[in-house]
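Given below, in the form of structure tokens, are the structures.
In the two complexes that follow, chain A is the common piece, with chain B as its partner first and chain C second.
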Partner chain A sequence: MSGRFSWKKTSAEAQLLLIGIPVFLWTMIPVYHLFLFAISSKDSATSGRLWPKEPTLQNFGIVFREQHFYLNHFWLQLLNSVVIAVTVAVLTLFIATCAAFAISRLKLVGGRTVMNLALFTYFIPAAFLAVPMYKTMSVYGLLNSQWALILAMVTIASPYGIWVLKQASDKLPWELDEAARIDGASPLQLFRLVYVPLMMPSLVAVGTYSLLLAWNEYLYAFLLLSKDTDVTLAVALGNFLSADDSPWELLMATGFIYALPPAAIYYAFKRYMVSGLTAGAVKS
Partner chain B sequence: MSAVVAAPAPAVRPLSPWAFWGRMLVLPYLVVFLVFVLYPVFYGLWLARHPSSYERLFEDPIFLRTAINTVIFIVVAINLKMMVALGLSGFFVQKRWWISVLSVIFIIPWAVPSIPTILSVRFMLNPEWGVINSLIFRLTGLDGPNWLNDPTLALGFSMLMHVWKSLPFWTLILVAGRLAIPVEQYEAASVDGATRWQKFRFITWPAMRSLYLTSTILSMIWTLGDFNSVYLLTGGGPADLTHVLATLGIRYLRLDQVDLSMAAIVVSLPLVLPLVYFMMKRLSK
Partner chain C sequence: MASVSFRDIRKSFGKVEVIHGIGFDITDGEFVVLVGPSGCGKSTLLRMLAGLEDISGGEIVIDGRVVNELESKDRDIAMVFQSYALYPHMTVRENMGFSLRLRNAEKATTDERVMRAAKILNLDQLLERYPRELSGGQRQRVAMGRAIVRDPKVFLFDEPLSNLDAKLRVAMRAEIKALHQRLKTTTVYVTHDQIEAMTMADRIVVMHDGIVEQIGTPLELFDKPGNLFVAQFIGSPAMNVLPGTLRRGSNGAYVEALGSRWPVPSTVSGNDGQAVSYGIRPGDLSLADAGVAAKVFVVEPTGAETELLLQVGDAQLTLVMHGRTTAQPDDTVHLAIAAAHAHVFDHASGQRLS
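Now for the complex of A and B:
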């Protein structure tokens, strides 16, 4: 608490601010612009003001009451997004946890090969797989079924899941497995009673990751689904682009609603996500 | 005991429950891999088997333009993003209360889905009603440019959109890398009177070089799959001049020319596969 004024200190703070302020503006301008439109009436939205003269929630009212051509199935599409994201998360967790357990704890013969196959899939750019995936789904007769999107997203999400879970799983002490084996536990008991409880933080990370991946997905959703009653909210938002005279203030309000749940989930599970993502993306 | 010894040796040794369950538990993933990765990949390659597809592809001026755009996108956007991320990681490790707050805000582009924010930027750039041209008109009385109608500007904004979206993630990765460097090294350097540049050059960079390289290559692979930044902002336009590989494949699919779409991907494989191989080597060590 010396409170002494020092030029050196002040200039260091000023330099930090010179970086911090542009970073803040760069990050917030698109987000704030979105928010501003969502709370502006149709006429005042394009006035170029920094805060609307009369902020209003009427756009949200129109969205919630489905009172526009583009929004006829808003609630159903929201439900589609939720159902698809949750199903993808559950299936990915199941598949990835089983595989990671088999590779890391049961020392499956050929586990390394399976891991390499998963890593290879993880590194295929998603847009490259989109066209063959589309053709394949049509061969399987799954096109325009929500299962097509669910299975495609599980395919994309599970390699990352297996990778993160295997990394975390290799760190568990081997003595645990030995103790369980000596006590006569079966592999499934070891899995259920020892492995899954100990892996909880990583399971949360992988579950959140796949949930958000599926919720946010646009390309696969708009390729694989077409009926207005089947599509997710992401596709519905993209459909606003089909006309030049789209109601942008409604688009922004819908987009705001669509962006809130993943942002909330991200921040709620940030602790798990960050460690999972940094471990999974890059092993230095 | 003797009964066990006397029993005839079974033709196939029964699996121990551990080996049995090992195989059972990996099965779901193997099924997913075979049905939704391996089959599509080979089906895709089979679709692109005719040499005539490649002839038509190379005769399409849009393909050439797309290839150039993709290279520009990868080289310029990724390097710009990674250099800024490296610099910002040095900013975000500073211990100030407001920098902690800012780091929470900074992650928003990564945490929210890309569609609403990309469409928000798209409308900011609208020549008639967008906020940018409104401001230009109010300040200068002149009409602003039609931003997305110029292929160079439109591709530039797509790249900025990509940087906006993924900069937080890579900054986070590099912050983790910086935090792993022992503070003592910097303290010792300070005692010896090292400048800020010298500290970066001789402490930070040697420690971060490998992470930086890996991140850059991974980001290149992933950016090849970035469909949204281009499609939702420019739609590949004007006049199909701002496509990248990810959006061109979908364009051909829409035109019912799947063989061209697969051929375009196959043509890029000699560049992509070495990067994938490098990453797999690196991660499966």
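Now for the complex of A and C:
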């Protein structure tokens, strides 16, 4: 009977809520604080109230008009962040997709070794590699070039991307490759016309991952870039903390703006990340 | 259209040889079915013909040309897979036209050929759908359409009906056969289902453990199986086989088995006292007033026919009769045996004695 009260169902929902509510609070309280700071005036920012007496958007105005010492290059630095993150995502996707295709579908000799090496790179925390990476970039004369950060982030993101895409590739029905080969597809055509369209959900996932990784990166960006006009917004935000009387409300307002694109990207691409694109290919 | 020849084909996976030298010819326009139990090498043989597996030894010839070193796409063949292998991100139209697109065919040509194939297969209403929006039978037809559009020299089918339910399978069987009669394209069809083989093939190649057991038309295999394996593999229900001894008396030859005398065709070869396997098809046994005595074990009426499971000595026999019977379990009945249709095989080698 529909709509009948069921203890089992209710208790299952209660359990979910019991877990869900603390997790939600845990996640949202810092974000709420961020937002609270951003809409408070400088004096009332630390008042401890749950909602400011006089909420204001003035902070955002100061940020957008670059009306503070720390914010002199706000728009340029935001653009740097965008350019670097997008380039990292594109390069990572290109490398990881080609590698996964070659290893998983073309059964390249030595593919297993590449996979193991890719995994091996994660045995060492990325932070430990920052200084060696700095040294490497200086050898190549890339310091103070945004390519240094881009290449470093691609290096960090690619192994994970290769792993994820290789696993996803392995799940594609093998008969599709064989059918395409018989239909007359060269490996490149197979890649372009069959493989990439079917891998789209995983490509979006890996692309988003590497985009956000680069967007949120602080340590490498801080080390490898130094000019105010080169750095990403993440580094610029860090610079706020170099003074004793930091303008918290501006830091938070900028931080809030900085957090919006990732959220937007996540929601925009969420629908692509669902699996099921291969439904109907083969009978399972 | 083209002829196909296998010349002493061998296939090894690592050190294990799975196909041990197979050779036969397929003439232009012929429908040949490779049949055998799973693991007999029939799919591997087909995949070698398709260029999806390397050939370890021997030669495959399509239309007079050795294709061992040719890529799949240069062999001018089309293949229908058991799992259909449709491109899920393409519509039916795009799926069917994919091979032409890869060959940079003109759009008008592609459209026309896709339309023609779609009409043949009743797919013209479904061209804009995606594979996920089709039923199993429709997907199967799209897979066939993709092959037809190519107008290849040879069609290859790898167990194409195994994923369909029983009723649809029978319908598609007829459709594929009708399609072949219409297009007359040389076809190699792999199945493990001997009924499919019997109903569709011009000639059947029975394979077992990587060798060819026998090649022949469906009725040749049914009437004159060359060995015990073919005898038991072809035909449903399977042939009854009894261990016995060949006797040559003054009144002609017979087989002594289960304490009774079993009649044999006059053409049977072999020596008096030779250990043999005596085979008789369920349909070549009938109930009579006198003859070998048997106890009824199970009665299975199927309407038009009745199947009786009988106990003779410690052996079980199957008998199929038209119409119905009054026999009940535990009744004793007598068997008449169509001597001309009995089969005698050497016990040791399994080869036919005739």
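Just so it is clear, the second predicted complex is superposed on the first by the 239 of 284 C-alpha atoms of A that agree within 3 Å, B and C clash if a C-alpha of one lies under 4 Å from a C-alpha of the other, contacts with A are read in each partner's own complex, and residues count from 1 in each chain.
Here is the rule we use: contacts are C-beta pairs under 8 Å (C-beta built on N, C-alpha and C of every residue); 3 or more make two chains touch, one makes a residue touch a chain.
Please read these numbers as outputs of a predicted model, since none were measured by experiment.
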Task = Have a look and say if chain B or chain C is in touch with more residues of chain A.
result = B
Request  = With the two complexes superposed on chain A, say which partner A:Pro173 touches: chain B (first), chain C (second), both, or neither.
outcome  = second
Inquiry  = With both complexes superposed on chain A, which partner does A:Leu198 reach: first (chain B), second (chain C), both or neither?
reply    = second
Inquiry  = On the A-aligned overlay, A:Ala185 touches which partner chain: chain B = first, chain C = second, or both, or neither?
reply    = second
Query = Intersection of chain A residues contacting chain B with those contacting chain C?
reply = 186, 277-278, 281-283
Remark   = Residue positions on chain C within touch of chain A in the complex are 50-52, 71-73, 77-79, 81, 83-89, 98-99, 102-103, 130-134, 136, 139, 146, 150, 163
Remark   = Per the touch rule above, chain A residues touching chain B in the complex are 16, 19-20, 23-24, 26-31, 33-34, 37, 46-48, 94-96, 98-99, 101-103, 106-109, 111-112, 114-121, 123-136, 139, 151-152, 154-155, 158, 162-163, 186-188, 191, 215-216, 218-219, 223, 234, 237-238, 240-241, 248, 251-252, 255-256, 258-259, 262-263, 266-267, 270, 274, 277-278, 281-284
Chain C-touching residues of chain A, taken from the complex the two chains share = 173, 175-176, 178-186, 189, 193-194, 197-198, 277-283
Ask   = chain A touches which residues of chain B in the complex?
value = 17-26, 28-30, 32-33, 36-37, 39-41, 43-44, 47, 88, 91, 94, 96, 98-99, 102, 104-109, 111-117, 119-121, 123-124, 129, 131, 134-135, 138, 164, 168-169, 172-173, 176-177, 180, 210-211, 214-215, 218, 221-228, 231-232, 235, 245-247, 249-250, 252-253, 258, 261-262, 265, 272, 275-276, 279-280, 282-285
